[in-house]
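Below you'll find a set of structures to go through.
Presented sequentially are two complexes of subunit A, the first with subunit B as partner and the second with subunit C.
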Partner chain A sequence: MSGIYEALAKIVGEKYVSNRMEEKYFYSRDQGLTEPCKPDYIVLPKTVDEVQAIVKLACKEKIPIVVRGAGLALTGLVRPLKGGIVLDLKRMDKILEVNEKSRYAIIEAGVTTGKLKAYLEHYHPSLRFSIPDAPPSATVAGNVVIHGQGRLTQQYGFNSDMVCGLEVVLPCGDVCRIGSCSISPYWFSKGPPLPDLSGLFLGWFGTTGIITKIGIKLYPNKKIRDVEIFVTDDENLVPDIIARITYTEIVEDVNVWTQPYPLIYRGIHHITAYVTGDSEEEIEFKKKMVIDSVRDYIKRKEGGFIFLTPDIKPVLLEMPQSSLTRFADVKRGGGFQYAGPIIPIEKYPEAYRRMVEVAEKYKTTWAIASRVIGRGHCMMFGFSFPFSRIDPSDMERVKKALHECDLIALELGGVPWKAEIPAQQEILKRMDQNTRKLIGQIKKLLDPYGIMNPGNWEVD
Partner chain B sequence: MKKANLSSLQLYRCFACGYCKFTSDFVDYNCPSYKRFRFETYFTGGRLWLMYAWLNGEISWSENLANIIYTCTTCKNCVEHCPMGFNQDIVNWITSVRGEVIERGLAPPNIRDFLENIRKHGNPWGKPKDGREAWTKNVSVRKFKPADDYLLYVGCLASYDNRAQEIAKSLVEILNDTDISFGILGNEENCDGNEVFMLGEKGLYQLLAEQNIKKFKELNVKRIITLSPHSYNIMRNEYPKLGGTFEVLHYTQLLHDLIKSGKIKLSKTEVKVTYHDPCFLGRYNWIYETPREILRSIPGLELLEMRRNRGNSFCCGGGSGNFIMDLLGGSEDSPNRVRVREAYETGAKVLAVACPGCMVMFESALKDEEMEEKLVVRDISEIIRDSCRK
Partner chain C sequence: MCFIFRLSFDADTCLACPSFDCLVKCQYLDLGFAEARREIRKIISGEDSPVLHSCKTCYACEEYCRYGNHPFYLIVERQEEKQILPAPRPIIKRWIQTGELTGKEPEIKPVKEPVISLCFFPQLVPLIQGKLFEGLSIICGRHVFCNVVYLHFGKPSVIKERVPVIIENIVKYGVKELICFHDECYGLFKSLAPAYGIKVPFKPIHLFEYLYNKLREYEKMIKPLNFKVAYQRNCSTRLTPDKEHFVDDIFELIGVKRVERKYDRENALCCAGIIKELGYPELSEELQRKNVEDMKKADAEYVVFNCPACYFTLAEKVKRLGMKPILMSELCKLAIGEKPVLF
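Right after this comes the complex of A and B.
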């Protein structure tokens, strides 16, 4: 691959390309437990033209390309499994437009969730987007490309459902607009009423093209947020409690969490319901609706709302919720990873019981932080394990536990989210054979040389 | 001084989540070296992971690794915004690894020269010790006497750098018009050791600190005014650990008291000013309001805030000796250049500073950005001096 470095340097400038040991080391991994895979080059493009030129070079030279945002999926999806170029897109970080009336933003692929949040708060305070609880360094594009979830997911579905347009550099180097923006200056729809091509790029982990711009839907940002927590020690009640609360159609977000430590939390399922409003009256009304929805359970003493002390509310209302990131320091070892399968809500009790068994089998602590998706259509069942980076046996145990959790999720009819390679293979193994074949055909059609994040969604 | 035990450094606890890159409201990247270089290796998380890999022999020493380690300005933005329980240890981890670099004889030439010059000459340029008081020519200032209220500790930059000398002169002019008795050490002054400390040369730091403490005690110094927040930081927070307990004030604290007590009278000055919080006054010592109150006390002065201020202030890029070595220079993304553009966007005509290091960095940035006609950098002491003159 002689001359590749020089060619890349000519495209982006020498200071934004590296084949140095230190960048290779860091970009070979993410914060999770997968084995590192070293890239040959790390490139930081600034423009779509530069991305195009890099893709054309890679296509000509048959060099793999892996796109990286913040690398926070934790499942090794941004590791260059077959070497090649890692494209770090975070220099492409312009917020290009906010359409207040049609409620969407057009942003470059490197814009972080933190930056978009700050921008909207400052310039368009009446609008918000579905911010995930990943650290603010996560990119909006990275989050939607893995079908991430956020604070508005209970109301509007996966964050990828909130995409309203894409600009993609195809594996051949062509730039392609997806959605209404393909025929109009307005980015109001990712598909309808046209054929919805966004599905060719969302959830594919960069194996079909490189998203360079994204239209993302914005939603009303009410002046006040508040939170209530309903608790029960019977996991079997959780699905119905979720159904009742989401039936009200007035909650913003619904999370379910439990953990063995501190002991006060052990065996207790916390169903956290967030409400928003423009006045205290609106908030009080919505909270009353939520309380009324589960009043039967309170009367039967099967659960109840807990008093939230002034110190706990800010923790719960923070966006993103940094306490979730702090889980990485539970063992003072700098690591955590979670199995976050998307499961039917009625499977919560069994998923809970079986995954706790897995944790006990592998002698590791855990925490569950789940999020209801789309008014109760399914949920992300986040089962997290902390680990210590300096304890290889701990890391190995957690790795095995995570894989078992993926298998349990599949057994329960769920699907591993942002699946790492072994889980992808398990998914493909179980998938309808014609669906699997279609995935293979689409990949072959779009990426005939197999240079786009190779190793992921490999059908053959 | 106790040497850091490397095995006790828990670098592996960093998750590299990236909170440390930002301000508290995430409005922009606020880690100066990440903003400048944009590789993930240049933010605190990346840096800690690489340091750990190096200490464990996973990667070897290289020029690039040295650059990654020494482009950290120890501005404490990461400490301020890291959500983890170990956040207060981060700077110590970085300086300890830098200490190990020195122990292994791997310090790059510019770092080595910086430290060697301080060891031999008491200043990082290697200029003659007897040139330290050259700035006092035509300035009415005398040597410290044991009966004086304050020792004015001038520091290396304000002793040797032409622009920074103006800060010392203006402060002396202001103080000469009050009833405060003060003096300087002149050629007997030595480097304060803050940058040496931050660069991890703990042995040399200890030597400097002990020499300074000894001299201060011999002269019966009780109270010290520092021009530089860097000096203020090290004398206030580290010298006591070596037995050097003095009442240390940054000069803005003294001016604040003098203005409040009416000992300094200020005249009307109609000007729009924005203030840059120096890291060693702000994030290291939580002095945010004192300089602002001084500026607001000037009739007619309009104080405009940059979006990134106080605990979210964006470092000028000069910490850890970079006001001389400038390892983050040479780009429109260099922190000092980013910051002067940000200052200009407020509509201010004056960028007010309270640190000779920031002064030097921003003066250089104005030239690089060709903004000298649009914005001027003034130290608070100069602004006050001019307001007094009127």
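Right after this comes the complex of A and C.
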């Protein structure tokens, strides 16, 4: 691979390519528990032309190429398993257009959720997007590529469902536009009424192409947000409570959470329902509908709304919710990872019971933070374990516990989310064989040399 | 251990009552004299009564009873005996877990007197500063948590079980006198514990009495504030209404005018935070709205709180109507030219 460094430097400039140890160290890992894998080169392109040139070079030299946003998935999806080039998209961070009337933004793939949020707040305060509860350095593109979820997920589905167009550099180096933007200057749809090709790139973890631009749908940003928390101590009631609250069709976001510490939370399932409105009247009306939806449970003394003091509300209303990160250091060793399978909502009680058993088996503390997806169509069941990075046995224990949670999710009819390699293999093992074959055929067709994030979604 | 402590309640005194004010005056029940008499008889004889199911646990009947006969404690006892849940089960469970004494026992060593207890409100620690609180030792935490809140949830057994441990912990600090920042702590030591025959081997001092005496020490520093204030009484003041005069005494000393309003003094409305948790979210909203609108209508500039929980519950609503919420301790600091701590 002699001359690769020089060739990359020629494309992006000396300053934006590296094969130094410190960068290799940094780009070999994410904050999760997977083993590090060092790249040979790190490159930070600025333009789609540069991305094209890098891909063409990688294709010619048969060098693996792994695209990276902020690298926050925690499941090691952007580790270069077979070495090669890590392509960091941070410099491609322009917000290209906001269409207020058709409510979408066109952004480069390195734009972070923090940047887009700040931009909209400043220039288009009546619009918002579905902010995930990830650090603001997470990229919008990275989040949709892993089928992330956010604050508007209960209303509009996975964040990837809110994509309205893509620009992709294919493994051969061609640039391809997906959706209405392939025939029109308007990015209003990622597929319909055309054949929907976006599915060739969303959820593939960069194994079929490199997304360089993305159209993302924007939604009305109401002036007021408020929150109510309904609690129950019976996990069996949670699916019906979710069904009732989502039936109202007036809540913004629905989360379910529980944890053993502090003691106040032990054995209590908190169903957090957010409402938005442009006036106090609208908020009150919506809150009343939420209350009405679960009134039977209150009457039967099986659940109730807790009083939220003004010091708690801002914590809950913050986007993204930074308090979640406190859990990451609960063991004073700075680490946490979660299994976040997407499960049918009716499986919440069993998932809860079984994953608590796993935590007990591996003698580790835990927290559940789940988010309802769509109008109660499914949920991300986030089961988190903190770990101490200075204790390898603790890390090993959590790793095993997480894998067991993935297996439980599959057993319950769910699907591990942003699955790491062992979980991907478990998914593929159980998948309908023709579907698996189709995945293999698509990959082979788009990436005949197997250079795109190799090791992920490997059918053979 | 909780079975040792029995409520001191005189049924004869109660049945001979000429008014049954405890239920007749109740802001949430609509009972005339005859109905009140009927229901209190049922409660005394251990029968079921709608009162046990509809009680909003505002504690006010403790004040309405002119004989100090503890009608509210009786209601709560009966609720527990009959397993009537005043609030949804998970809400009660949550609260009970909050004050659970688990894990390692705290290491308690004698502290220098005078001592102030902040109950289980660590967020109040920054308030204990300035001339009014100079030289005080602070005790605070779950191990000194008064647990009185379980009166709202029909769980006197939890109180009776935990309170002796709490008292023992306080004694371990070498306390002879205890200034209670939290009104409910004072209510525990002066009303609830004696009602159940639980010995309190130290002298509790109400925060307002303490503040009043301190202000007298610094009287020369006081500059009349000339504010119009509304006062928010909290539920536990109903347990020791004899201390309420200190509100007016302090206001007079620091030169503030307590506005005349509908929901004050005996007719005060509670902050309604708990009422939401009891399963009445709309009633809670309505009470809060009525209360703060009443304050506004009376032209109050400041709303003075005794209880930190009431403050947290109502502060936002008070601010929204253009008034300023403030704890009594902080208002007193203002009067002697010190900067108050505002949440």
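Observations on the structure shown:
FYI, the second predicted complex is superposed on the first by the 460 of 460 C-alpha atoms of A that agree within 3 Å, B and C clash if a C-alpha of one lies under 4 Å from a C-alpha of the other, contacts with A are read in each partner's own complex, and residues count from 1 in each chain.
The definition used in the following text is that a residue touches a chain if its C-beta (ideal position, glycine included) is under 8 Å from a C-beta of that chain, and two chains touch if they have at least 3 such contacts.
The shown structure was predicted, so the numbers you read here are calculated from the model rather than taken from an experiment.
Superposition of the two complexes onto subunit A shows subunit B and subunit C fitting side by side, with no clash.
For subunit A, the partner with contacts to more residues, out of subunit B and subunit C, is B.
With chain A as the common frame, subunit A serves as the apex of an angle whose CA-centre rays point to subunit B and subunit C; its value is 70 degrees, to a multiple of 10. Judged by the touch definition given at the top, the superposed model places A:Glu404 against neither subunit B nor subunit C. Once chain A of one complex is fitted onto chain A of the other, the partner contacts of A:Gly267 are limited to subunit C, with no touch recorded for subunit B. Contacts of A:Asp311 after superposition on the shared chain: subunit C is touched, whereas subunit B is not.
In the superposed pair of complexes, A:Lys288 makes contact with subunit C only, with no contact to subunit B.
Touch criterion met: A:Gly114 reaches subunit B, while subunit C stays clear of it.
In the superposed model, A:Ile298 makes contact with subunit C only, not with subunit B. When the shared chain is aligned, subunit C comes close enough to touch A:Val231, but subunit B does not.
Once the two complexes are overlaid on the shared chain, A:Asp133 sits clear of subunit B and of subunit C alike. Contact with subunit B, but none with subunit C, is seen for A:Lys90 once the two complexes are overlaid on the shared chain.
Shortest separation of subunit B and subunit C in the overlay equals 17 Å (C-alpha atoms, whole Å).
Note: no residue of subunit A belongs to the subunit B contact set and to the subunit C contact set alike, using the contact criterion stated above.
Across the interface of their complex, subunit C is touched by residues 231-234, 263-269, 284, 287-288, 291, 297-299, 301-307, 309-311 of subunit A. Those residues of subunit C whose C-beta lies close enough to touch subunit A in the complex are 85, 87-91, 93-95, 97-98, 100, 102, 123, 273-274, 276-279, 281-282, 284-285, 312-313, 315-316, 343. Contact residues of subunit B toward subunit A in the complex are 10, 12-19, 21-22, 25-28, 37-41, 46, 49-50, 53, 58-60, 62, 64-65, 68, 83-86, 331.
Of all residues in subunit A, those touching subunit B in their complex are 15-16, 18, 20-23, 25-27, 31, 42, 44, 70-72, 88, 90-91, 112, 114-115, 117-119, 121-122, 135-138, 322-323, 325-326, 328-329, 332-336, 388-390.
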